[in-house]
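Okay, so chain A shows up in both of these, paired with chain B first and chain C after.
Now for the complex of A and B:
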C-alpha cells in the first residue's frame, strides 16, 4: 500500500536554485527507504515535502491520500514525524519531559495518553534519568535520542530522519541501529537521509540515490551499491564490507551484512585452508 | 518572511553604485538622511523618496529596497494613524510616515550595497576601536546565519504541530517562545565558538594589525561625492528659502 507518492515533483527555491527536478517516487507502508547522494543533491528538500514544509513548484506530493498543498504542516505532521539534523534547532523546554510532551499537546492528546506515551518514549530511548533535567545540558547523542523520543511519542505512521548519525560516536550509532531494527519490527515506515553508507548497509533499506535534484537510482541496496560507476557519479562510496566481499576470490553466497558475519566467514576459510 | 528579510542584507551585485568607495556610499546615504529630515512638505519628501529609489535602481537593488519599504510600511501606517488620530492634519501625518520610509530606505541603500568588509574599513577609517568594529561587523555578518537558523527552527517546531497563525494575540506571542529560546541558545553557543576560534587565530596579539585590502578614492568616487554634496546644498538651500517646495 502506497503511503507517500511524489508525482513529477520539481522544486525551485526563492533564490532561483532548482533543488528537485521531475522526481517521481512512491514509499509503501512499512518500507524502510534510505536517500543518499552528494551535498546539494536535494535529499533534505525531498523529505521536507513529506510533511508539507515545502510545497512543490510543479507536480504534487500525496501523503496517505492527501495532497500536501491542501492541508497544513501541523496536520500532516501527525502522520509524518521528521527528526531534523541539528537537535539544537528544536529543543527549548525547561525539562526533558516537557520537551516530549510539547508535540502531543499541540496534537491535542488527552493528558492520560500523554503521560503513558511520555513514560514509554523516555524508557525506550534510555532517557528516564534525565526526565527533570534541561534538554540543553544533555550530550550530543542524548539530544539526538531526545528528538527521536519527541517524535515517536506521538506515534506517527512515517518517521523521517535527516542525517541521524552526524556527530554520533560508534556506540551511539550502534544504539541508533538497534532503534531502527525495533522500528522496522513494529512496521513503521522509515525514511533516512544519510551520507553514512556504513550505517545503512546492515539495515539493508531500499536505496534511493539522488544527484543534481534527480533520482538517479532506486532499488535494492545490494544491487545499487554494486554499481561503482553510478556511485561515483553520485559521489557515494561503497560500504567497506561490500568492498571486502568484492575483493574475495572464493566468495560466500552473498555480501557480508556486518563485521561479525565477515569475521566468522574468514575464520571458517582459515580453518578450511589449514585443514588442507 | 524570507522575502522581507532580504531587504536589509548585503548581496554582491555588479553595479556602478556598488563599485563606489564605501565612504562615498555612506556620504550619499547620509545626504538622503539629512534631506529627509529637512523636508517639511509632502511633495518634498516624496521627491526625496523617489530620488532614493533612483539610486537603488542604479545599484540594481530596487527590489531589495522595495522589500525594505514593504517591511517598513506597517510601521509607517502606524505612525500615520497615531499622528492623524492625535490631532495632526492629514498632510502632516502623511509627511511623518513618508519621512520614516525615506529614512529607512536611505540607510537600507547603504547596507544593501556595502559589504561587511567595506563596513569594517569605514569604521577603521573613522578610528572606531578595533573591538567595537569587530563586534559590529560580526553582528552584521551573522544576520543571514541567524535568519537561516530562525527558519530552520520554525520548520522544526511546525513539524511538531505548532501553528504560529493560530489563536489570539497572546497565544501567538507565546508561540514564539519555542523559536526564540533555541535561537538565542544557538547564537550564544556560536558566539562562544567564534571567540575561541578567533583567539586560536591570534586575534588581539598585535595592537595594530595590517589590512590586506585598503580603501582608495578614484576620480569617479571624488566626482560622485562632490556632485552629490553640491546637489544636497542646492536642495537644502531651496528648502530653506522656498517653504512652498
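Now for the complex of A and C:
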C-alpha cells in the first residue's frame, strides 16, 4: 500500500536555487527507505516535503491519500514525525520533560498516556537524569536523542530521521539500530537520510540515491552499493564488508551483511578446507 | 603490544603538548569530567581521540586550547603545557597563535562576507601587517584549494568548501597544533575523505600536529599515528591504531571500531592466525585469499 507519493516534484528555494528536479517516488507502508547522496543533493529538502513543511513548487506530494497542499503541517505531523539533522532547529522547551510532552499535548493525548510515553521515551534514550534540565545543557549527541524521543513518544506512522548517527558513539548507534528493528517489527514506515554507510549496510534498507536534486538510483542497497560508477557520481563510498566481499576469491553467493555473518562463513570455509 | 601510558609511545618525537595529572570538574557538576589524565603529544603526530559520549574528550580538547580554565573555570588540578606555554597562565590570545581549533559545523566558524575575508579574520584580530596578511591568506587558500572561491560569499559554498574555508582560516594563523572536533561528521563520504587527505597533506608538508576527535574511526585510521581511547574521564588505551584496535578490550569502550577490525578480532579469537592486522578491507581479503 502506497503511503507517500512524490509526483514529478520540483522545489525552487526563494533564492532561486533549484533543490529538487522532477522527483517521482513512492514509499509503501512498512518500508524502510534510506536516502543517500552528496552534500547539497536535496536529501533534506526531499524529506521536509513528507510532512508539508515544504510544499512543491511543481508537482505534488500525497501522504496517506491527502495532497500536502490541502492540509497543514500540524495535521500531517500526527502521521509523519521528522527528527531534524540539527536538533537546535527543533528544541525550544524549558525542560527536557516538556519538550517530549509538547507534541503529545497538542495532539490531545490523555495525561495518563502522556506520562506513560514520556517515561518510556526518556528511559529508552538514556535521558532520565535530565528530565528537569533545559535541553540547551545537553551535549550534541544527547540533543539528537531527545529529538528522537519526542517523535517516538507520539508514535507516528512514518518516522523520518535526518542524519540520526551524527555525534553518536557506537553504543548509541547500536541502540539506534535496535530502534530500527523495533519500528520495523511494528510495521512502521521509516525514512532515514544518512552519510553513514556502515550504519545503513546491516539494516539493508531500500536505497534512494540523490544527486543534484534528482533521484539517480532507487533499489536494493546490495545492488546499488556494488555499482561503483554510480556511487562515485553521488559521492558515496562502499561499506567495508562489501569491499571485503569483492576482494575475496572464495565467497558465498551474496555479500556479508554484518560482522557475525562474515565470521561464521569464513570460519566454516576454513573448517571445510582443513577437512579436505 | 605497545598499549602503554605516558611518554613511551612518543619514540623519538619531541613533545608539543604535555598533560600531567589533569583532573577537572565543572562548577555545576558532581563528578570530575577528567580524572588524573596524563598524555604527551609528539611534534608532528596525528592523534585520534576516541571514546563514548561524555568520556571527557571535549573537556580534554578545551584544556589543551585554553578554553579551560580561561573561559570555563572549575576545579582544575594538574598541568597542561602546549608549545612550551603553561596553558593556565597564558592568555587565550597567545595560545590562539599556537593552537588552532576547527569545529564540527563550519557554519559556527565562518561568517564574513567573502571567503578571503573570513580567512583573514583571525589575522586582523592579531593586527598582522597588511602585506604579511595578504601572503598568509594566499598561502592558506592555495593549500586548501579555495583560491578560486576567494570572493564568494560563504553561504554560496558547498559543505565541503565551507569546511575547507574554515580550515584555511585556522591554517592562516600558522598554528603548530590543530584540534579538530568531528571535522567530517556532516560531510558526505567522499568529501569526508578529501578533508582527511588534506589533514594528511598539512601534517606531511608543514609538520603540523593534529588532535582529532571522530566517531567514524575508519576514515581517520589510515592517517593516524596514534589512537587514544578515553572512558569515564580517564585515558584507558593509547598506542598505534592497529594495536589498539586489535586489543579485544576496545569494543567495550563504545569506540566505533570499524567492521573490518571487529571481524579481524573475531577471527583471531576463533584461533585464525592472519599475517598482520589489516588496515583496509582489501588487505584483509588478500590475507584470507593467501591462506
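One rule holds in what follows: the second predicted complex is superposed on the first by the 266 of 276 C-alpha atoms of A that agree within 3 Å, B and C clash if a C-alpha of one lies under 4 Å from a C-alpha of the other, contacts with A are read in each partner's own complex, and residues count from 1 in each chain.
Here is the rule we go by: contacts are C-beta pairs under 8 Å (C-beta built on N, C-alpha and C of every residue); 3 or more make two chains touch, one makes a residue touch a chain.
Predicted, not measured: the structure shown is a model, and the values here were computed from it.
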{"item": "Which superposed partner A:164 touches (first chain B, second chain C, both, neither)", "value": "neither"}
{"item": "Which superposed partner A:259 touches (first chain B, second chain C, both, neither)", "value": "second"}
{"item": "Partner chain in contact with A:92 - chain B first, chain C second, else both or neither", "value": "first"}
{"item": "Partner chain(s) touched by A:235 [first = chain B, second = chain C, both, neither]", "value": "second"}
{"item": "Partner chain in contact with A:205 - chain B first, chain C second, else both or neither", "value": "neither"}
{"item": "Touching partner for A:48 - first (chain B), second (chain C), both, neither", "value": "first"}
{"item": "Partner contacting more residues of chain A (chain B vs chain C)", "value": "C"}
{"item": "Residues of chain A contacting chain B in one complex and chain C in the other", "value": "none"}
{"item": "Touching residues on chain A, where the partner in the complex is chain C", "value": "37-41, 139-142, 163, 166-173, 195-198, 232, 235-237, 239-241, 243-244, 246-250, 258-260, 262-263, 266-267, 270"}
{"item": "Of all residues in chain B, those that touch chain A in their complex", "value": "2-3, 149, 152-153, 155-163, 177-178, 181-182, 185-186, 189"}
{"item": "Contact set on chain C toward chain A in their complex", "value": "51-54, 58, 104, 158-160, 182, 185-193, 215-216, 218, 251, 254-260, 262-263, 266-267, 270, 272, 280-282, 284-286, 288-289, 291"}
{"item": "Chain A - residues contacting chain B, complex", "value": "14, 48, 51, 53, 72-74, 77-78, 81-82, 84, 86, 88-92, 102-103, 106-107, 136, 150-151, 154"}
